[in-house]
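One structure is given below, encoded as structure tokens.
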Amino acid sequence: MISITVQENDFDSGGEINRLSALGGGAISSFVGQVRGDEQLQALELEHYPAMTENALQKIADKASQQWVMHGITIIHRVGRLQVGEQIVLVCTCSDHRQAAIAACSYIMDQLKTVAPFWKKEIFQDGTENWVKERQSDLDAAKSW
Amino acid sequence: MISITVQENDFDSGGEINRLSALGGGAISSFVGQVRGDEQLQALELEHYPAMTENALQKIADKASQQWVMHGITIIHRVGRLQVGEQIVLVCTCSDHRQAAIAACSYIMDQLKTVAPFWKKEIFQDGTENWVKERQSDLDAAKSW
Amino acid sequence: MTAIMSHQLKIVYFAWVRERLGRDQDNIDCPENVETVGQLLEFIRSEDVAYEDVFADIEKLRFALDQDFVGLDAAIDTAKELAIFPPVTGG
Amino acid sequence: MTAIMSHQLKIVYFAWVRERLGRDQDNIDCPENVETVGQLLEFIRSEDVAYEDVFADIEKLRFALDQDFVGLDAAIDTAKELAIFPPVTGG
């Protein structure tokens, strides 16, 4: 059961975990990314490529399902303007075994960072803006699998 | 901020994630283990060593805090009789970086499986009982760090 | 009939590529002799100097053809949509 | 005064060790010549045959002295509580 959602609204991480728990796998791993209040950051503007995004996330989830035996995968990624402290992304995986659930969750986050068509613009308290640059550590992490 | 709880009652994974999110780290990883409905299993009886348990969990969390820069760690482990599908354990970690959060969460689960004084008895639908045996794969996982 | 063969291609822009160009898409007639993404970039730069600045450092750009990541040497063939954007930074 | 020196030690049992012994703890007088966990096991086996069966396969047992995991060669010293149990299986 793969569920992919791109939305402006916030999400309920506990509700999503419970939904995957209900599949009875026994091991549920999740990751939540939120807007970190670095320096004078006020908000992030999350842009995406609507025609491509869900398909790109689906492909990542499919690859995870091929690599590990999964009961379910949920990916929720928000777009639009997100204030410091707000949630950005949720990845939740359910498997019979904890190593599979945790590895799949980590794999999905690493791939998402490098192949899902999202872009972050930082908006600072003084009104200046900055498009976030790709990080070599993210590229390395994605290649490590 | 390390929070360790051993309790009979169920827990709210989403509430715990949100509590760590409020620390502002940006990356929150969590793992939930639940009673998997294997074969004719009806319930698990979770026994522990009250005088030792919280201290053992605290030591694991302390070691994780030394290895990775963490904002917070929450460990909740239930004891008593747990029906199939019920939650057993929650580990939730918050860091500035996803790799640290995920690695710490995985590390804590691996250590918990081998050094926290809990014992599981399987209770089957026909009334038979079986104390769960340790698994070599758990010992190997704990040593891999 | 000696009409020059061409096909309609939609180009979509994201993030700072979109901002610097001041628009989020173009619709162009892609001439038949433009076969790859790289050749298409050369073609549109020759058509409009506004692209010069944005496309100056091609290393900083990424491309998707009909919603699949491609490199500069990818054949455009019958694709309907080319996306041009900086490296992704979601998650 | 020629009293034999000894100290009170509480022994607690968990899981199938507790079930097979039919009780969750014992309070014993630990003689002075019993210095290690291993020696203590020998001593209590000699005192009560009920332990024979449960402690037969010592490889299957784990020990904690005052709530810290220890091996058979650990010195009991002034410890107040010894726990005897099978390998842990939580999580």
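Annotations
Order as written gives the chain letters A, B, C and D; numbering starts at 1 within each chain.
Following the convention adopted for this analysis, contacts are C-beta pairs under 8 Å (C-beta built on N, C-alpha and C of every residue); 3 or more make two chains touch, one makes a residue touch a chain.
Treat the numbers as computed from the prediction; the structure is a model and nothing was measured.
Annotation for subunit A: without this chain, the others separate into B, D | C by the touch definition. One inter-chain figure worth recording: subunit A and subunit C are separated by 28 Å, centre to centre, where each centre is the mean of the chain's CA atoms.
Subunit A and subunit D have Cα centroids separated by 50 Å. As a whole-number value, the distance joining the C-alpha centres of subunit A and subunit B reads 23 Å.
In this assembly, the C-alpha centroid of subunit C lies 76 Å from the C-alpha centroid of subunit D.
In subunit C, the residues that reach two or more other chains under the touch definition are 91. Residue positions 33, 98, 109 of subunit B are each in touch with at least two other chains. By the definition given earlier, chain contacts exist for A-B, A-C, B-D. Chain contact summary for the complex, subunit B toward subunit A: residues 12-15, 17-18, 21-22, 24-37, 84-85, 87, 96, 98-99, 101-102, 105-106, 109, 141. Touching subunit B in their complex are the following residues of subunit D: 12, 14-16, 64, 67, 69, 81, 83, 85-91.
Remark: subunit B residues 33, 46-49, 51-52, 55-56, 77, 88-89, 109, 112-121, 131-134 touch subunit D in the complex.
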